[in-house]
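The next part holds the structures, each set out as structure tokens.
Both complexes shown next keep subunit A, but they swap its partner, so subunit B is in the first and subunit C is in the second.
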Partner chain A sequence: MAAPLTLLLLVAVTVRAALYRSSLADLISERVEVVSPLTAWKRVVEGLALLDLGVSPYSGDVFHETPLIIYLFHFLVDYAEITFMLADVITAVALYLSVKDYNKQVFRKQKYALEADRYPLDCLELIRSPKEMQYIPLKVAMFYLLNPFTILSCVAKSTCGLNNAVIALFVLSTIKGNVLLSAIFLSLATYQSIYPLTLCAAALLYLLQRQYIPVNLRRFSFWWFVAQYAFMYLGSLFVIVGLSFFLLGSWDFLPSVYGFILSVPDLTPNIGLFWYFFAEMFEHFRLFFLCVFQINVFFYTVPLSIKLKEHPVFLIFMQLAVISIFKSYPTVGDIAASFIKHHKASSASSLNIFLVSCVLLACSALFPVLWHLWIYAGSANSNFYYAITLLFNVAQILLVSDYFYAFLRREHHLSHGLYLKRKDGSEATLVLK
Partner chain B sequence: IIFYIFSTLYFQLSFSPLVPQENAGQFFSSGHTNNWAVLVCTSRFWFNYRHVANTLSVYRSVKRLGIPDSHIVLMLADDMACNHRNPKPATVFSHKNMELNVYGDDVEVDYRGYEVTVENFLRVLTGRLPPSTPRSKRLLSDDRSNILIYLTGHGGNGFLKFQDSEEISNVELADAFEQMWQKRRYNELLFIIDTCQGASMYERFYSPNLMALASSQVGEDSLSHQPDLAIGVHLMDRYTFYLLEFLEDIHPSSKANMNDLFKVCPKSQCVSTPGHRTDLFLRDPGSALITDFFGSVRKVEITMETINLTEPIQQRQKETYSYVDQLPVSEIIHQKPKQKDWHPPDGFILGLWTLILLVFFKTYGMKHLKHIF
Partner chain C sequence: MGLLSDPNRRRALISLLTRLNAPICVVCYMAGVAWFMGLAFEPFTLRTYMSENAMGSTMVEERFPAGERALGTGREFSAHKKKAGGMPVDWLVKTMQSRGLEVFTQRFSRRLPFPDEDKERYMVKGTNVYGILRAPRAPRTEALVLSAPCSPGDDNNQAVGVLLGLAQYFRNQVFWAKDIIFLVNEHDLIGMQAWLEGYHHTNTTGMDWSPLQGRGGSIQAALSLELSSDVVTSLDLVLEGLNGQLPNLDLANLFYAFCQKIGVLCTTQGKLQRNDWDSVSGYSHAVQTMMLMVMKQASGRPWGDHGLFLRYHIEAATIKGINSFRQYKTDATTIGRLLEGMYRKLNNLLERLHQSYFFYLMPSLSHFVSIGYYMPAFGLLALILLLRALDLWIQLATPPPRTEDGVADAEQMSSPGVLSVLTPLVISHLTGVALYTLPIHFQEIAVEHFPVSETEAVVLTAIAVYTAGLALPHNTHRLLTGRGTENGWKVLKLVAVLYLAVLLGCTALINFSLGFILALTLVPVAAFVTPDVPKALSAFIMVILSPACTLLFSVFLFQELQEMPVSFLDGWMLYLSVISQGILDHALYGSLVYPLVALLVYPCWLLFWNILFWK
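And now, the complex of A and B:
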């Protein structure tokens, strides 16, 4: 598997390098769909320049990256393109390895289930065989690397690529079962943007499962493991935050980074839902709606983890998708991260993939058009752009719920047989309520 | 002997007649040799009649005391004498009941109407006029000129409004005077301003040999004096009204000095508090005569004797005027040293890499460590 992967990596790197050399790089790095105030490369350069002038980069509303990014780019600012390509490569390789490992576990579980005769007889065609899953890791890596969104995000040198790399490494370490590394990467991801906190539950569930600790609230072993993980996670988070304090000697990165993410002061249009709503919000209600919107991101953790507690890896990807839709400053890089595992669920079970992907493609094409009409031609207004944003997000949500439905339906078939019969014997179909 | 007594009857300035030759040097090293006046009214519209009347009354006094029209630059932003609303055309009165017509029939206005702009005013002061500008519109002063600058209009804290559309700020004015100093366009300069919050306009001066008077302090308004019911507007501002009264008593041989001028229009008459600034003026204000600025008084010593100027004239050593240190010139000429780049603190780097190494070895087991050590 190494050779096709290497080939894929080479192709991806070539595509990105070619785009870097072209004139499109500057154009793309200014598009609001690709970069946000949190991730723009221009702001990173500006922050480093401020630091060279002896001023804290967090003074003023320019720079919203964490101090570790300052440290990283202080030495790598001339090699930025290579850094981002490397981040994409690391993400792809990490995903590849994690999917490979996960497949092995899936096969093992299937084998046990088959031996234990747990599957009804008519759903044998749903069982995955190693042969059909052989190319899945490669496909996952390809899907991520050659995704136009990822390429755009890389060419724009948006630090979203680094965030995705950290999340991919977290996924890899979780699937491999390494508790310490998983906690460390999760804390790094949370340190970068607060939202990966929701992945904590998924990681916990997976690691518990792997260690054969049942999720029983009354058992001591459960709590002991949770305490261990929480200790490692919180400990590494505090260590990283403390280190960041020592980098610049002040705590003003906290309001600049986390305060910025949570309180959404910058209302530049992007492909998310926050900007339009808060642009027309009365100041009186702003805090209330801010809390509502932010809770919305974190809220899906609880029901999703209850529903998907047997399938924590799927839960991880569901969470990623939810985060990328509802976070305060989404960019297409986040969208790319959320698409990672979606092809894996059997497409036959899902209802309207084709429609949704068409909508997504159309919206992606319409974004620059309506932006131009709004900002430059002046014949549209922000409502047009917001409409496309809404449609894009709705399509994403439909996609997520579609895959969810497909996944659940498959699981249902696996436990109850392919041809569903109602109690009186007539044919029935599954509906997601 | 008769001739000797005759010679002492005329104007002299601390000039000993006994030994003319020795004092010839003192005579030649006097302060100024010519006088100029720049009188500016910056407001237009009929209800700002009083600003035109202010300027014209100062013009009248200055002309009466000897400054010729060729040495006066008069800038009036509007024409009140021929305004449609003037019930007495071709007149501008400064006293109620039409006592004093300051317009007269020999007023020469150099900049009129829309020509009175901030740009033109600053160009007149600094001398940066296009070559086609006629002499009457130029301030052709040299380094032995005493200049009187009188401004009136509507102003505020740090600015003066021109024509209801633009403003000159106190910083601009101070810089213009510095340019004049650097180009040796004045010997001494008296600046009088009659606007609201006028003292703010002279706060920023930094060139030597400037004396400034203003009709009100920062935060105060300068008030107008009397309305005339027949004409329907206020005719004069208080400060200039009392200034005019004071100047009516000055004649070319008057010895009144600047300290008397500072006493014009106390708070009881003016309601606002007039201010003055003399810290940049190198002479003692008590030794500066009113006629040094408002009149064109020549030091004339008439003598019937012949004086042999055989030795070279020893000019009295003037005190060298020094610039107020405004610009750190050496820093501008020499490049600033390049800022040192920021480096992350060593403790941070140490801590970070220690942690990374620890995690690495924890993950991959201690046997690797054992291999190394």
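And now, the complex of A and C:
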């Protein structure tokens, strides 16, 4: 399996390197769909220039990266292209390894369940065979590396690629069961952009499951493990923030990075839901609606964790998707990361997937067209662009709920049998309500 | 959500869509065409109205008195033009200076990629002369433009005369709040392109021009005047600009309002409006007017000197004087008063024209159809593509009769699919690239080996590449996989149909007319093509409905609509010149129609051609 992966990596790197050399790179790095004020490379360069002049990079209103990123690029600025390609490669390899590991666990669980005769007889075709599963890790890696969205955001040198790499490493270390590394990478991801905070619950659930500690609020071992994980997570977060303070010598970065993410002052159009609302809103409602919008990202953690507490890995991917939809400055790079799902939704309703992918395809083509009509030709206006943004987000939400539905259905079939009978003996179907 | 996730209802919907797919498609097509034809019916259209407050309620008086003197200046200009054998730069500079303007000149030169036989030019050198009337009452941050082309021969002398007359008259008024720039441009659009690029410090087409020495504020609106006779019977308003862009409808409203006020006959597309909309001839008149607008817009070329302004966010239109055999004539003084009134109102603008519509079609000058009304016509056609795609998807997703290992079988069938879809895609796009690049690159070789001129060489090479594309190897998948699978062509058709839908959708948003005309011919092709239909007949139909033939029919239809029918031979010559003009428009002004057709539409059509010959 190593040979196809190497080949894939080579192809991916070649495509990126070729695009870096072409004239498209400049064009791509200006697109609002690809870079946000948080992740734009132009702003990193500006921050570096300020740093070299001995001015705090946060003194203007341009730079919103974390201090570690700017010190990283302080050394690597000449090798920026290689860094971004490397980040993508790391993400892909980490995903590849974690999916492989997860597959092994699924098999083990399935074997025990089969031996214990826990599955109904008629759902054998839902059970995964090794042959079927063999290519899934490679497919996942391919899906990430050759995804046009990922390629675009890598070519635009959007630092979103680095965040994705950190999150992928977090997933890998969690699935491998390494508590300390998991906590460290999660705190790094949180430090980069606050939202991965919500992954905490999923990671905790997974690690608990792996160590055979039941989720029971009255058990001491449960609380002890939670406290351990929280200590490691908060400790490393504290160390990282402290390190940033000592590097920079001031707390400027806190309002400039996290305040910027949470209070959304930059209303440049992007593919998210925030900009249009906040541009139209009366100023005195701003705080209220900020809370309403931001709470979306965090709120779904609770019901999802309760519903999916047996399946924390699926929960991680649901959470990633929710973050990419509701965060304040989304880019296509985030969405690429959220598409990664390795639960082969065996009973996914094919019609919905088709409709959703058609909509996503059409939206991706319409973004630049409507942007052109609005900004250059001056004949359309922001409503046209926002309409497409809305459609794009609706498609994403449909996609996520579709996966969720398919997953739930599969679990239901596994416990109740594939061919359901009503009480009167006629064939029944499952309905999501 | 309920409909999508409830399996019972979804199954019912799917079975309905697959069972009735063909009839629904036919109904959609008819409905789309009927909707489009209905747009010209007056009760379905809206009356134009002035949306911009700054231009609506303010009254202005037009007092321009000096029409005769302006015509005299025009005659003087014509004499100097003859003497200089082109633009009489010195005389113009002197005349404008004596009228109290700040005068500047701009030189430009441009070598065309191949000789333009219509306008007989290849190496173009020229000079633009413009004078700025500085606004006495405002900080000079905004400007208006009035331009007149200096055309070869005896054309447009009166336009320059009226322009100079207005300059002199405007100079004595105190109420101007915007700079007014009087521009006389040489070599029509090439000069205009040079001037606009110089004014905005951009260079998109690689033209040589000297930088402008003086400029006014940001330009808010522009009018271009074309006048070739001392008296006119009517004034024609030309709106279509580069890539089918249109100015804000308020500019048309302004023109119409002043024509009504002063009592000048006004037309659009050269057609007077009629009041008998309920009669058949009245309706067909409106359809003709609208179809002319659609054809002109679809061509993507600027139909007057104003066409290039639109690219810079400047609302602009061309006003053309037409002298026919009617009794009632309008003299130069009246035209001057009309322009004065329009500029007075434009002068009152507080912000850019943005209140009214930018996407519209006009069945007459007093009625319009906005985007919300005409888009459904296109939407109905695009729906056919989506329905076909859905049908194909369901066919592909439902497994073939279940065998013991049905699932594994299906996967084996779909895996070579990727390669057999990718190859035709790559081949047809390479043909498209050849169609885009070869004609201009190979003109010298063609001229050496064949007895043709450069222009003919370019056009004939384009046609040759286009035809050669039809003969390309269509069964590459057989070399790769041994035999074409049943699923192979379905996958390819699914890809091609979705590709066409996205392509046409984007085109229709930028240039509705082009998108609609392409959809009219390409959608039936996309809907009916399968490898199972009778080959010879279908191939014939497909060629008839291919983009090149669409263009040929459009040329004839356009001539027919203009009431200047041509014989087949003349039509063919016209067709060749239209192709060369399309390529030139792309090279000179950056019109997008030629690359769109060559790089995207033609390859997409080739995919369907490929499916027809799938074995």
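Just a few scattered comments:
Everything below uses one rule, namely that the second predicted complex is superposed on the first by the 426 of 433 C-alpha atoms of A that agree within 3 Å, B and C clash if a C-alpha of one lies under 4 Å from a C-alpha of the other, contacts with A are read in each partner's own complex, and residues count from 1 in each chain.
Following the convention adopted for this analysis, a contact is a pair of C-beta atoms (placed from the backbone, for glycine too) under 8 Å apart; a residue touches a chain by one contact, two chains touch by 3 or more.
All values reported here derive from a predicted model rather than from experimental measurement.
With the C-alpha superposition on subunit A as described, subunit C and subunit B fit side by side in the combined arrangement.
When the two complexes are overlaid on their common chain A, residue A:Y71 makes contact with subunit B while staying clear of subunit C. Between the C-alpha centres of subunit B and subunit C, as viewed from that of subunit A after superposition on chain A, lies an angle of 60 degrees, to the nearest 10. When the shared chain is aligned, subunit B comes close enough to touch A:F246, but subunit C does not.
Between subunit B and subunit C, C contacts the larger number of subunit A residues. Of the two partner chains placed by superposition, only subunit C is touched by A:L398; subunit B is not.
Applying the stated contact rule after C-alpha superposition, one finds that A:H372 touches subunit C and leaves subunit B untouched. Contacts of A:L181 after superposition: subunit B is touched, whereas subunit C is not reached.
Residue contacts after overlaying the shared chain place A:L51 against subunit B, while subunit C stays out of touching range. In the superposition on chain A, A:A116 contacts neither subunit B nor subunit C.
The gap separating subunit B from subunit C in the superposed three-chain model is 6 Å, by closest C-alpha atoms.
Listing the residues of subunit A that touch subunit C in their complex gives 125, 349-352, 354-355, 358, 361-362, 365-366, 369-370, 372-373, 377-380, 398, 401, 405, 429-432. Listed in rising order, the residues of subunit A touching subunit B in the complex are 51-54, 70-71, 74, 178, 180-181, 184, 239, 243, 246-247, 249. Only residues 339, 341-345, 347-348, 351-352, 355, 359, 362-363 of subunit B touch subunit A when the two sit together in their complex.
Only residues 1, 4-8, 10, 14, 245-246, 310-311, 313, 358-359, 386, 389-390, 393-394, 397, 407, 498, 501-502, 505-506, 509-510 of subunit C touch subunit A when the two sit together in their complex.
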